[in-house]
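Structures given as structure tokens follow.
In the two complexes that follow, chain A is the common piece, with chain B as its partner first and chain C second.
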Partner chain A sequence: MNRGGWAYATPTALFVGVFFVVPILLVGRMSISDWGLFAGDRGVNVPANFTSAIDDRLFWPAVWFTVKYTVVTTVILLGLALGLALLVQESNRWTGFLRTSFLVPGALGLASASLLFYALYSHLPGILGTPGRALWSTVGLVVWRFAGFYMLLLLVGLQGIGGDVYEAARLDGADRRQTFRHITLPLLRPSLALCTILCVTGSMLAFDQFYILTKGGPDNSTITIVQLVYTMAFGGQNDLGRAAALSILVLLVLLAVNIVQFRGLREKA
Partner chain B sequence: MRIRIAALAATALLAACSSGPTGPASTGPVTAEGTDDGSELTLWTRAPLELQANALVEAYNKAHKNQVKLTIVPNDDYVAKVGAAAGSGDLPDLFAADIVYVPNWTKAGLFSDLSERIGLLPYADKINKGHVDAGTYEGRKYVLPFVLDLSVMFWNKDLYREAGLDPEKGPTTLDEFKAQAQAVQRLGKPDTYGTYFGGNCGGCGVFTWFPMIWAGGDDVMNEDGTESLLDGPAAQKVYATWRELQAAGAIAPGSKDETGATWVAAFQEGKIGVMPYPATLLPTASKTVDVGVGPIPGATGGGATFLGGDGIGISKDSAKGDQAWNFLAWLTSEAAQKDVLAAGKSTVARTDLADPANPVDQVAAAPQSRTPFAVNFQQAFNAPGSPWVTLFRNQVYGDPAALESDNDAVTAVLGR
Partner chain C sequence: MTRNTLAGALAVLFLFPLGWAAVASVSPQAGTAQVDGWGLGNYRTLAAYQAGIGQYLLNSTVVALLTVLFTLVTAVLGGYAFAMFRFPGRNVLFLLVLAILMVPYATLLIPLYVLLNQLGLQNSLLGLALVLAMFQLPFATFMMRISFEAIPAEMREAALIDGCGSFRALRHILVPAVRPGLITVGLFAFLAAWNDFITPLVLISDSDKAPLPLAVANMRQQVMGIVDYGATEAGVVVLALPCVLLFLALQRHYVRGFMSGALKG
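Then we have the complex of A and B:
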């Protein structure tokens, strides 16, 4: 590459280096060290960090809850987003208004949205009172916040499908259901796959909404894995080594899941 | 989450090693007043004490050449922020800490040794003993009281009148507490309940229930803070009282999922008869409710409070020890305690300045009132999902037979 090319690439490379590579290396180093929040590095502590992270009494409940939450959120969110996208696909006066109103919640930060719902829910006693209700109340918030965003992604995919394909299907006598099943869905696959990757990754890293709405309660039933990382680091254990070990485990799982998903995406696209 | 990972990384980047006790940076001989030479000092505290912190800093800045720059941090982010700054050597000159976390933080070496300077104060032995003891590690003193936050019993005098109770007399035993809460409940007023508590909030439980155990002379932990005694008869009486109130429907339904963010709200709206409450909020609550104030009673009488609030010290990173000490010396002086704190209806931190007519000052001086001491306090009690939260939720809502094993789980964390 010539010098001009390097100049163009440098800002991005710097950005990636400072905000991605360096932190990952540091978390990696922490994860193998006995590293207290206040005390700093006190030498190598491997594999004790990893075994003690897995031995935490809340580890398996957190894994199970995170998986459950990811599945529930992804299914509901993508189903709803697809429905909304189909609803506002045609361009006219009303769909412009609808599109905007579905998208507006996406302009709010997730933490702000969580606080908004916290205020709303505090007038409905008991809505966060049982494990089931706490989960569904949070799913409600997340769907409200993100449905518009995924609708937009799917809408772009929908509008990328040429009108001639639909016309050909109509000439062949396909009804609406057949058109959806055999034209829309297959051609929308790349967009759907992208949404799934984003949604699964986001849900597995869920933190803000539970941190604000439920604090992991009631009775530790809504603790996600990232919340557990936070608790280990700042919730009195003040053990950055153990927290970093758990972060590394989450990172590995995410990598594996994403590899599988990208493979699926490539095969069919 | 990205910000938090960055904070973790920043901590990692420049983590400092802790060392033995050292005094703050000093340029001349150590004096009782410190130095007032127009330096700028930084001070961090957490949001619940904003009112008092602002009043104190404003009064200090008006009367001194030194100028204190105050930073208020949201309660839930405070530990993380201090941790990141401690790692990178960027702690402010002065910072406050929830007094129950202080033993952990002094052990980690975040504060400078103030023993010599505190010894020079003429009123050194009059400063609130609970806070000073919590800030003493291996015989060295690191922390002075910043703002005292005591738990006391609040009752709504109007609701007491309606329920035919004496509005000037709060509960003096746990059974009276139960009876008075139920009397208010029996009014059957819409949205009005006998009592309230932070049913999913470990810190609230510590703050409001521990005094009920202390009042009868019992304790919640052994002296070293390594073993939980929360399965004793006095503690069981406390749990039974709340369980019966819950069964009788006298606790507001929002209690069960109260994480602590709004646990003081319902009383201020006039919807609660009687409940243990932070004394610092008396000025706020008095705006909307005719409040009765008394000590938190034990099973068979007595009265106690949780000597909570924040301690304050000079950080290990401060280069302005003499100037920072000037603020601390002023903070414990009569000028600050009487003209700022007492005038603002906060509790004074010196026994010789206490007002004998003030029920809050009285209970602060009661021999049963304490600041509990444990290095792993936060993890055992305050943290979301702590074993203490599991324990008291089982006692009120779940299976009370789990007490012994739940108590062992608290001990397991304390003794770690």
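Then we have the complex of A and C:
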């Protein structure tokens, strides 16, 4: 069939054109312009947008904090998710209940979950009081919200491993630990890779949880890079040009990180 | 069995915050509207906050339903086009749809703020729903495409040979066949739109037009900087309840969505 394809694809093309392609081109232009939130375009301002974004006193602390948060969250979240997936691997009523329990927090939005923990933590005075505690409290919230989601992705991978492979390992005399290390982990690699990419991307772009739970505090110690973009654009500085420049840098770093991840994970597979 | 004990303890740990929020929202607590005994004082505070919770619930419902509508219509037609037709630019368009996933929300929201102003859609629930639907398109289009591709070729051909035009075939025969995909896409679009925070934070400046998550978050700055945790707890319950119920009712479809997501990798 050839006739009519474009007729059906037109709404998609309109959406993608108006709300994705045009904004991408516009953000590129904004990043090289002196563009105020209310004043609009006031002419070319390059490379000043980029240099002033990087020279912001919160830029390097935000980069460092975002990297730290990403590493901590990814390691803990995927470790726990793998454990949960192994725990509920068999299919019966009890594991069905367990799966639902782990998955329910994922139905809440990240903002709702952050508000919930904001109220919950109010009963534990000082838990958001130091930079270290604020980070770990947020990690706790994020692990609660997302562990079931990654458990489910890993469960799909686990169920793709045929029973005959385990049977062969058993006949060869492999114990449980050897089976896990030499059978489960290697065969689970594609699922683990997908989870890693999703988790790293999501953590690098963290916003809601810190905006709501820690408000970037104490002493701006938990400001992430996307929070900095938001602050530059809408949170007081009202400088869309500078924010656009920073967000272009974020986009480029994200693309680079994902290319490296895809390459690295593919080579090892 | 220690394994079962561990698993049970973990399940309690995961369910605890939800149960706690529900109980705390009606229990007595200093500094809230519910100081003595159990009751709905916190919900009354919530109901009376600024434009009233009814308004914010309405905003959220309108945005979520519009997002579901835009997402479903666009993704069904688009998925049908990608699955059944060969047309020039087909692969480029599909790749562009998937590319939405690669771009951070923040990067898109800055130009979208300016663009919606120029389109006269600033500060409007319609504009918000259009943007949220765009964010849903990669998953929704992918899901509908594989749903249509999974329909046996004989069934499609039979519909066309019987004299159906391609649109009638879509409406009467193919859409019913992809109903599970439709439910999954609709559920995800609803949850995403209901829960989204940063998009309305940037695009909605009029507090009367705020969706519920934004309104509850703003509520914390009320009354001379003293936070009413009780009202926040009530707000969380109102926010979470529809999501949890929808999730429990449609859990099968929720799981299905993740499974097809996993196939991508």
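One rule holds in what follows: the second predicted complex is superposed on the first by the 249 of 269 C-alpha atoms of A that agree within 3 Å, B and C clash if a C-alpha of one lies under 4 Å from a C-alpha of the other, contacts with A are read in each partner's own complex, and residues count from 1 in each chain.
The definition used in the following text is that a contact is a pair of C-beta atoms (placed from the backbone, for glycine too) under 8 Å apart; a residue touches a chain by one contact, two chains touch by 3 or more.
Just so it is clear, the structure is predicted and the values come from calculations on it, not from any experiment.
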item	value
Combined model on chain A where chain B meets chain C, clash or fit	clash
Touching partner for A:Leu108 - first (chain B), second (chain C), both, neither	second
Contacts of A:Val75 with chain B and chain C, given as first, second, both or neither	neither
Partner chain in contact with A:Asn220 - chain B first, chain C second, else both or neither	first
Partner chain(s) touched by A:Gly157 [first = chain B, second = chain C, both, neither]	second
Chain B versus chain C as contact partner of A:Val44, first or second or both or neither	neither
Partner chain(s) touched by A:Phe234 [first = chain B, second = chain C, both, neither]	both
Touching partner for A:Ala256 - first (chain B), second (chain C), both, neither	neither
Partner chain in contact with A:Thr100 - chain B first, chain C second, else both or neither	second
Touching partner for A:Leu84 - first (chain B), second (chain C), both, neither	second
Superposed model, chain A: greater residue contact from chain B or chain C	C
Segment of chain C intruding into chain B (one of 110-118, 182-190 or 236-244)	110-118
Set of chain A residues, in rising order, touched by both chain B and chain C	19, 22-23, 26-27, 30, 35, 40, 118, 122, 205, 207-208, 211, 226, 230, 233-234, 240, 243-244, 247
Touching residues (chain side chain A, partner chain C) in the complex	1-13, 15-16, 18-24, 26-27, 30, 35, 40, 84, 87-88, 94, 97-98, 100-112, 115-120, 122, 144, 147-149, 152-153, 156-157, 190-191, 193-194, 197, 205, 207-208, 211-212, 226, 229-230, 233-234, 240, 243-244, 247-248, 250-251, 254-255, 258
Residues of chain B touching chain A in the complex	1, 4-6, 8-9, 11-13, 15-18, 76, 79-80, 83, 86-87, 104-105, 108-110, 200, 252-254, 256-257, 259-262, 376-380, 382-386, 389-390, 393, 398
Residue numbers on chain C that touch chain A, as the complex places them	3-4, 6-8, 10-11, 14-15, 17-18, 20-21, 24, 70, 73-75, 77-78, 80-82, 84-87, 89-90, 93, 96-97, 99-100, 102-108, 110-115, 130-131, 133-134, 137, 141, 166-167, 191, 194-198, 201-202, 213, 216-217, 220, 227, 229, 232-233, 235-236, 239-240, 243-244, 246-248, 251, 254-255, 258-259, 261-262, 264-265
Of all residues in chain A, those that touch chain B in their complex	19, 22-23, 26-27, 29-30, 35-41, 58, 118, 122, 125-129, 134, 205, 207-208, 211, 214-220, 223, 226, 230-231, 233-238, 240, 243-244, 247
